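Each of the next two complexes has chain A plus one other chain: chain B in the first, chain C in the second.
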Partner chain A sequence: MIRTIVGLIIVLALSVVVISSVPDYSLPSGLQGVGQDYTERGVNDTGSVNLVTAVVVAYRGLDTLGEVVVLFSASTAVVLVLTLVPMGANPTPSSSIVAFTSGVLPGSIVLFGIYIITHGHLSPGGGFPGGAVVASAFLLVMLGSNKIPGKSKLLASIESLAGVTFGLLGFWGMMMFGQFLNNMVLPAGSPGKLFSAGIIPLISLVIGAKVASELSGVFSSYRKAGGDE
Partner chain B sequence: MTLLAAASIATGVMMLVAAVAALVVKKLISAIIIVGFVSLSASILFLLMDAPDVAITEASIGAAISTVIFLWGKGKIGGEE
Partner chain C sequence: MNAQSLFYWSLAVTALGLVLIGLWGVLTRKNILRIALAFTLADTGVNLILVWSGFLPGRSAPIVDSSVSSMVDPLPQALVLTSIVIGVAVAALFVVVGVLAARKSGSADVRRMKELKW
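And now, the complex of A and B:
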């Protein structure tokens, strides 16, 4: 109890210090610098209506590749550590509500995730959020079943294939225009159409497949290491 | 104050209250569920602030996936606080 109160006092004191150190902070009016440049030229440059995806995949595509590598190494480490943990017993059966829901919902969740991935350049979303949504459907399936998931070569192959394809798409731009991940190797098309925006939809697909398979692999190894809940 | 600002502030206050509740609540499983609720409120806050991209990611990763992983972790270590 005393520890809680002392912690609360320390946090309050720190927040007073932080808040009082920024008294005259004001939001800049309008966009400036690189943000303004992206919003003005983004649609013409990339053909993507969703400017967030244009920045994430086209302008800063190399950073996204780095992010994918970080996720890959993190999931590899989790799987590696969890294979050292002895296999748990079969989890206790879930309640009938969870069991029923996990039989009904995952199909539509996967469909929604695929929609988010394929329409990343048109509506909010893209590869990463869509892949996470697809993975959460697999998570729901695992929650509803009381069996331990078996070994799956498919997940690992999808993951590796997606990673290699991302790199190859980047080198395609390097071969044609001398620039890694150049978006203009495919025609930009008319903005707002499903088949437009150069290689952005392809990269979204690749990222979605990679994120979904990686997260699903992490879940299944957690499940194998024995969750009883 | 506009309706949007009022809703954002209400969501933020709700998040703060829930975050403190997660610290002081006795049962570990309640704390995990409350942390999931904080994530869900954060996702609503992102949506109110015109960032639907971030809101989708936060809702699926923060609210769904990490809550379940915490639950499985609790099942693994067993026991209460």
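And now, the complex of A and C:
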């Protein structure tokens, strides 16, 4: 009871602070600063039609490398914690609906994921969402089978290979132009085509492979740990 | 305040509401998995606020096709792409640590987890 009241008071106080700190309730007139710059120059600089991908992979590519490292350390921590303490033994058996769909759908889900990854510079998408879609197909397969997933060397090698490739692509730019992750080591091509936008599609592929394998590793260690004790 | 302005600010209020509901859940719930759920709710709300901050009413997604001057700001969307992935990673770790703590103390009730109290 006291917990609820204190929680409500804190939440209400915070909302009052936030609402009273809004200077004026008007509409923003237009883009300013770096956002304006990116929208004006993005296509010429990177060759990517999708400006969000241009910012994520080309302008702020180093941040994305750091983000991949964060994702890697989090998934490593999950796997580490779950393998240090063996918890479950028998995975919960899947229902017949899940078992049937897991035999039909994963192929098209993987295809869709690959489409999202490879068209990241043309339409909404890219390595992160596409990798998550591919990993969801893996999750469906795993939920459909009643076996505990074994230790996968393949996932770990895809993950490491993708991480190393990301770094090498960065150093490629360094060798050619003295700039880490320079996008123009490959030609920008004509914007809107599949093979354009420098190394953005390559980096999307690498990120997609890395995200898919990392999330799949997390799912399979969840599956190993779940079920009855 | 006209209709468009009302629409614009109601989006912000919705996102802020998600953050506050999540915060309230973290403060008042007792089951550690519900706390994790409330945490991800607040996370989603913060992401929505970030996306909203680059939103301009009547403009389209930042994908160049014909009209360059009618796009929203791509920068907050790129930031949120990062933020979503980090949120997933943190939530995955949160759930694992929560399940471990629940198995150790025999219940998912945070009031029984004495190791974190001082």
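One rule holds for everything that comes next: the second predicted complex is superposed on the first by the 211 of 229 C-alpha atoms of A that agree within 3 Å, B and C clash if a C-alpha of one lies under 4 Å from a C-alpha of the other, contacts with A are read in each partner's own complex, and residues count from 1 in each chain.
Simple rule for what comes next: contacts are C-beta pairs under 8 Å (C-beta built on N, C-alpha and C of every residue); 3 or more make two chains touch, one makes a residue touch a chain.
Quantities reported herein were computed from a predicted structural model and do not represent experimental measurements.
S.K.: Can A:V70 be said to touch chain B (first), chain C (second), both, or neither?
M.R.: Touch partner of A:V70: chain C, not chain B.
S.K.: Now for A:T4: first (chain B), second (chain C), both, or neither, which partner does it touch?
M.R.: Both chain B and chain C are touched by A:T4.
S.K.: Answer with first, second, both or neither: which of chain B and chain C does A:V18 touch in the superposed model?
M.R.: second
S.K.: Figure out whether A:F138 sits in contact with chain B (first) or chain C (second), or with both, or with neither.
M.R.: neither
S.K.: With both complexes overlaid on chain A, does A:V52 touch chain B (first), chain C (second), both or neither?
M.R.: After superposition on chain A, A:V52 lies in contact with both partners, chain B and chain C.
S.K.: Please determine whether it is chain B or chain C that touches the greater number of chain A residues.
M.R.: Between chain B and chain C, C touches the greater number of residues in chain A.
S.K.: When the two structures are overlaid on chain A, which partner does A:P124 contact: first (chain B), second (chain C), both, or neither?
M.R.: After superposing on A, A:P124 lies in contact with both chain B and chain C.
S.K.: What is the shared patch of chain A, the residues that chain B and chain C both contact?
M.R.: Common interface on chain A, chain B vs chain C: 4, 50, 52, 124, 126, 128, 132, 215, 222, 225.
S.K.: Contact residues on chain A for chain C in the complex?
M.R.: 3-4, 6-8, 10-11, 14-15, 18-19, 25-28, 30-31, 34-35, 38-40, 42-43, 49-52, 54-56, 60, 63-64, 67, 70-71, 74-75, 77-78, 81-82, 85, 87, 123-124, 126, 128, 132, 191, 211, 215, 218, 222, 225
S.K.: What part of chain B is in contact with chain A in the complex they form?
M.R.: Per the stated touch rule, the residues are 23-24, 52-53, 55-57, 60-61, 64-65, 68-69, 71-76, 78.
S.K.: Show me the residue ranges of chain A that touch chain B in the complex, using the header's touch definition.
M.R.: Residues of chain A touching chain B: 4, 50, 52-53, 88, 91, 116, 124-126, 128-129, 132-133, 135-136, 139, 143, 215, 219, 222-223, 225-229.
S.K.: So in the complex, which bits of chain C are touching chain A?
M.R.: Where chain C meets chain A, its residues are 1, 4-5, 8-9, 16, 20, 23-24, 27-28, 54, 56-57, 61-65, 68, 71, 73-78, 81-82, 84-86, 88-90, 92-93, 96-97, 99-100, 103.
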